[in-house]
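In what follows, chain A forms one complex with chain B and a second complex with chain C.
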Partner chain A sequence: MALRELSSLEKCLGLKKPNKYGTQGERKVPVLQNNNGAPLVGLVTIASHLVHEAKKTVLLGNSAEERAVVQQWLEYRIARVDNCPKDELKVILKELNHYLEDKVYIAGNVFTLADILMYYGIHRIVVELAIQEKERYLNVTRWFDHIQHYPGVRHHLPPVVVLRNRVYPSGHH
Partner chain B sequence: MKLFVGEGNPHSVKVLAVLELTGVKCDVQLVNNEERVVPYLTRPVLPVLLLPSGQHLFSPNTICQYLFDVSGRKATDATNQWMEWEITDLQPAVLQALHMMALQGKRSEAAAVMKEPLSHLEQNLRKTSTQFLTSDVITVADIVLWAALYPILSDPSFDAGDLRCVRGWFDGVDVQSACQTAAQKVLHGKSSEALKTFLQKLPATQTQRRDGQTSTNAAEELSHNPAEDTERVMSEVEIEEAARMWSTCLKYSHAAPQRNHPILPQEGRRNVLVTSALPYVNNVPHLGNIIGCVLSADVFARYGRLRGWNLLYVCGTDEYGTATENKAREEGLTPREICDKYYAIHASIYKWFQIDFDFFGRTTTDRQTEIAQDIFWRLHERGFLLEETVEQLRCESCQRFLADRFVEGVCPHCRYPEARGDQCDKCGRLINAVELRNPQCKVCKETPVIRSSKHLFLDLPKLEGELEKWLDQSTGTGDWTTNARQITRSWLRDGLKPRCITRDLKWGTPVPHPDYKEKVFYVWFDAPIGYLSITANYTDQWEKWWKNPQQVELYNFMAKDNVPFHSVVFPCSLLGAQDNYTIVNNLIATEYLNYEDTKFSKSRGVGVFGDMAKDTGIPSDVWRFYLLYVRPEAQDSAFSWCDMALKNNSELLNNLGNFINRAAMFVTKFFEGRVPEMLLNDDDKRLIAAVSWELKQYIQLLDKVRIRDALKCILNISRHGNQYIQVNEPWKKIKGGDTDKQRAGTVTGVSVNVACLLSALLEPYMPTVSQTIRTQLEAPPNCTGAMIQGAGTFICTLPAGHRIGTVSPLFQKLENEQIEGFRKQFGGQQTQIPSTASADTKLGAGVELNSSVNVKADPERARRLAEQVTEQADKVRALKSQKAEKSVIGEEVGKLLELKKQLALAEGKNQEPSNHKAKKK
Partner chain C sequence: MTKENVQGASEEEPQGQSKKGLKKQQKEAEKAAKKAEKQAKLADQQEADEDDFAKDRYGVCPMVQSQQKLDRALVRVQDLTPEKAEQQIWVRARIHTSRAKGKQCFLVLRHQQFTVQALIAVGDHASKQMVKFAANLTKESIIDVEAVVKKVDQKIESCSQQDVELHVERIFVISQSEPRLPLQLEDAVRPEGDGDEEGRATVNQDTRLDNRVIDLRTTTSQAIFRLQSGVCQLFRDTLINKGFVEIQTPKIISAASEGGANVFTVSYFKTSAYLAQSPQLYKQMCICADFDKVFCVGPVFRAEDSNTHRHLTEFVGLDIEMAFNYHYHEVVDYITDTMVQIFKGLHDRFQTEIQTVNKQYPSEPFKFLEPTLRLEYKEGLAMLKAAGVEMGDEDDLSTPNEKLLGRLVKEKYDTDFYVLDKYPLAVRPFYTMPDPNNPKYSNSYDMFMRGEEILSGAQRVHDAQLLTERAMHHGIDLEKIKAYIDSFRYGAPPHAGGGIGLERVTMLYLGLHNIRQTSMFPRDPKRLTP
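== the complex of A and B ==
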């Protein structure tokens, strides 16, 4: 799972030579075998490394603040979204929905690695949502649709259909 | 930049250590662990770093990384990898282990959980040749890992096994002074013990491993015993201490000082000035208005007085403006007469709700003119006013300038023929009134002309810098509700624009400048000055409150629509006037209260209005209780008749009333009205400790103006009490032998003392009930103050031998039929008051209210339609309760709305404009 994600990320970053990956432990934590040094362990660590390798560090944020916001949501992805128990799903969607209310991308107005990895991570959740739920988490859906259509991102994942017009009356109650 | 940390919160240790180490400049604020600092997160999370951009960082590791980043030390692959491991592997194990150690005393199981991550660390450290994890200088990864392990490894009783390298590395980080200071600050050197409260509040998902890596028995046991289900664990020390405090009895007098008017600030006391948003005079307030400001402020004011603060609570009616002028025209009275009439209505409603103002004044007084003009001149002299010419519509036949809402015409965008002067109902676009085609005066239908008129504007952009400085300080040190902070921030983010402070009206405070002789102050500028002038009408020494920021703490209470006027606009007036004014320190804003599943609407007769509450026969205290119970704190809430009956019957009657009544009845029946001798055993002490804890919570919450949550503490206490009586069965024991009789006596004595404590805690919420309980118990008058002052101490205020009075039930059941009746009655037919204006406190919301238009009324048709509306409404409700298909409900709701529309027409009323205001994101 994480390995396919990393290979999609490589393509997305335009890296020509694919790296070699392995996994470690029961949770299948990805490991990057590195020719010149110790192997790297962990999804976010490897992903950040790849971004540096591709010389696209803008994807990690341009300022210290932006870097921190990107980092924070990468962390949210691995700490909260991955291995998320069923009853926590709604909490996560609600939080993201609230957070994205006034944002185009996760870091605000710029597309970053946080968008890519959050999209990969949350895909399995969004794909399961009913239309009505997609409307309830409107900001998440809007962001998700935007990212899945962002050039070069989607790769290994099937597209999720997002309706543009609302089907259900906007229920406040 | 600002860092929020929490006491006993292990994640706070790492960020404080990093802050100290990097020397980054940043304010640090200690907040309650329950505080929701980040608006979009569901659970309270700490620490949080508020960035200059307004973004929140809520992940402790990211905060640490950021602080390193801004001090010039970038992340590397190696540090990233350790930090990621800390999140995915170490932290879950640590939380689980701490949970076992601190709450369950299972040290060996905790060691088993920690085994894997610790040996991973040990192996890696063995391989490295550097002093720290990744290099010879300390990095962010070292601090993050050290802090995670600190509560465990610094606990001498934790057996870590043979971890030579881990120990060496840990001690190397631990000796850093930054680390020592941080750990001391948050955990007071008590390691895992200090984390108890924090761990108890963690959701079970965080204290259990999800991946089954460590399938020890402990993990299984945990799932049967999640932290949330268990009672709060109390230590022996805590229980003994509570019992000791209890037996200290009432030794010295704590009697709250008498209130002697005029109340003035005093040196050496906490001087608190409380205001509630001034209700607009021209209508009767509804329940939402009451809970939104006057009632919330009343609870806090009563509480403050009990705490022994030197507190002044002022409010009054906001009386100037177009809305009053129109109301006067409608009723054929002068504006002054309208104000007199409605001022009396407001005052009597608040009296019935037992709102204990120190002074309830009004804005149409000479002092208002004096103070408003003084502030105006000061702003003018200091160059904070701008002059601009504005084009406005004027109706020559009515001889007045038309407020936006009083013009109708063809929408310039979509050609809808009945667009209003501020907005088109069809296309929803905002309109400038002068752009309307074929404009008409709504009152006389004549065509208004465009006139230009000179107006004065307050130069907010010029004051913005000073305001931001003030806000940083005020929101940093005071209690501002989350919505108040957000609304204020969003105003500042969008940048401030000059605001017009004058109007072409007659009913207002006259502008003293000779060039603006015919004009008055716009109500938003004028109305908040009402707080000052109302105080000035209360005492000549009003400046001791209002020009005394050194001694006075100001609390403003309001609904959220009023926030910008109190946090941005009015402070700018005061800052610009440069006269050492007292400016808001604490801003408490509520969300909206809805009625059943709709909005309160005077015009449709939907909802309960202040004057009708009395006629239901339900006591004012019960209304207060329920409104406070559903107080819209973090989100909108709704008043519901069924829910009110349910809460009355379950919480008041069966929980609170039942406990107090039983405790007192036992004294009367079994002990001839005298409190029996009490010999405390462990059970009693445990109850006393549990009650003491709730009391402390109550005080902590109300100090932070968390009114609704504190009410829950009261109900928890009586729940504990009921359980205690139920388990100990004094009514059986009294018939037994001497030991049993003795036991019955102790249980009864402790219970009746808990009842006495409850009467004190209830005072801010239900003053009459509170007084009734104390009368029934013949409680000493100083008992309330004694228990509520300081951090709160539960003491035995009714000692053995104390004689209590006559006991009678406190609450009555609300029957279903009765409630159904009310629901029908208030569900949309009352038509006594044919007006369309809403009674919101509308401090310059910039919106003038609808006036009635001349539509012919048809009473007969109205009566028939009203019946149909009720029928249809019942149908919709039935469908909703049966959870019918959305589309079916939607269709029926459509019919209902159509009927209501027709009804409004038949009653000769202007329709409510489609609910723009009701729509939220």
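== the complex of A and C ==
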């Protein structure tokens, strides 16, 4: 899974030459064997490296504050979203929905790596949602729809249908 | 007696007893004093009872066994208005609540969904004993009171008759209720959610149904079933006006009409029979017998073992069957117009009932279009697909998809009532007429209220040969439906129809969430009583 994600990320960043990855351990943590130097281990580490390689460091944030927010949400993706037990999915959606209430992108007004990786990570959850649930987590759905249509991001993932108008009466559970 | 003996014995004991003994003695003495006081009080009361000047003005009536024809007019609670002020009247009602305060006793008297406040105060017409008697009456007892209607300065918010109260002069019990009720009426009408916040009790559905007789007395139940009666009446009135004939069909039948799996089998002398899933075959035979337009109101049985919010094993079916000239849409239009007349009638005549139910179960008002919206099954599927639902072209609608489609239609067309036309032939019963343009589809339709199916209907096959083919295709024993097929051999007009579930219409019109709320004595796989 992580490997397909990295190859999609490469294309998204415009890297021409695909890297070769391996995995290590039970949880299949991705490993990138660099031509020069020690191997890089872990999704976020490799992803950040690819961003540097593509010379698109703006994706890691412009200011110190933005960079911190991006790191924070990359960590959230790895620690909370991945391997999340089924009964906690709702909590994640609720948190994210609340956070995104007044934001276009995760870091605020700029598109960053956090948006890409969060989109890849949360896709499997959003795909399963019923329309009523998508409407309940309205901000997540809005952000998700925006990112899946962001040029070059979607790649290996199927598009998720998102209704633009409310179908269920508001306040109804 | 024994206690006194003990006390006597202790008194005889020499001095020098323990502290404990002394205390005991004191306690015994107190007890004896209390007892004496009580007895004195009782004697007092007996004395007082003897000179109770009002003792003919209250009491428990002997059981009404029709001994006498009293020339006494009983006024209904709902008719107690300021126009009746200062009149002396008789009322029969239940005791909804009672509250005694010194020399006064307030009663709330209830008849159906109407309540009025009554007051009994010590004075010229009532004695102390009479007030006490009134205060001790149990809730839900039925009483006759003679009273004077008085206007009140301040509206009585807790009653339906807010402008008057009754000053009681006589009060007689007609039927006494047991002191403990299996459920409290106030708890049973509390809106969902309110109870949780205030820490008050709510009554769950099974308790309600186990004690249905009491639950049916609540304002909500009264309103629901009055409205349901209205649905039936509007259905009849509308169809009779359109020239329909009401028919009665047998409910014990020899063969299942739509698929054999979900029928109840009954033993019928030396053979077995079934309980009718619908009057389908009989209303069609009436069409063949030149009745042209028929309808039928009666019980329908389904042996489906589904415990859902919208399935019952016995419900009331409102069935329509009608011969048409050239296109079955003639019939669809008749049926939808009938439904629209029902909705309009309910809106115009049953506003009080709708409001009453809404107080406990809030819902949006029911919306519909004129003429009724008709969508084809294909269009419906396209709407679902656009919303990201994956399903095959000839699949039947699942319940969640059905509900979702209802929401999509509501959002797009702003209607809670619509027709879905041209269902795939494969998911309909054998007597459904195939679509001439595409044999995979059929001339059949469902009608939906708030996204849930209330009516299933179709053009029927009126050609004996095609009917035989279709029955064989569905693997039905031709022998058992011979009479039915034969009825089409001697000239049968093209016809279509449909069947509506009365309970579902009531439930969905009011926006309720469980069909048991709109069935007076519901039957489901787990409930045969009351």
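Convention: the second predicted complex is superposed on the first by the 171 of 173 C-alpha atoms of A that agree within 3 Å, B and C clash if a C-alpha of one lies under 4 Å from a C-alpha of the other, contacts with A are read in each partner's own complex, and residues count from 1 in each chain.
Throughout what follows, a residue touches a chain if its C-beta (ideal position, glycine included) is under 8 Å from a C-beta of that chain, and two chains touch if they have at least 3 such contacts.
Everything numeric here is computed off the predicted structure, so don't read it as measured data.
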Touched partner set for A:57, first chain B, second chain C, both or neither: neither
Dominant toucher of chain A (residue count), chain B or chain C: B
Chain B versus chain C as contact partner of A:131, first or second or both or neither: second
Which superposed partner A:163 touches (first chain B, second chain C, both, neither): second
Touching both chain C and chain B, counted on chain A across the two superposed complexes: 168-169
Residues on chain B engaged by chain A in the complex (per definition of touch): 39-42, 51-53, 55, 57-59, 61-63, 65-66, 69-70, 75, 77, 80-81, 84-85, 87-88, 205, 210-213, 597, 886, 890, 918-921
Partner chain B, residues of chain A touching it in the complex: 25-27, 29, 40-45, 48-49, 64-65, 67-69, 71-72, 75-76, 78-79, 83, 85, 88, 91, 94-95, 98-99, 101, 108, 168-169, 171-173
Chain A contact footprint on chain C (complex, rising order): 364, 386-388, 400, 404, 407-408, 410-411
Parts of chain A lying in touch with chain C, wherever the complex brings them together: 130-132, 160-163, 165-169
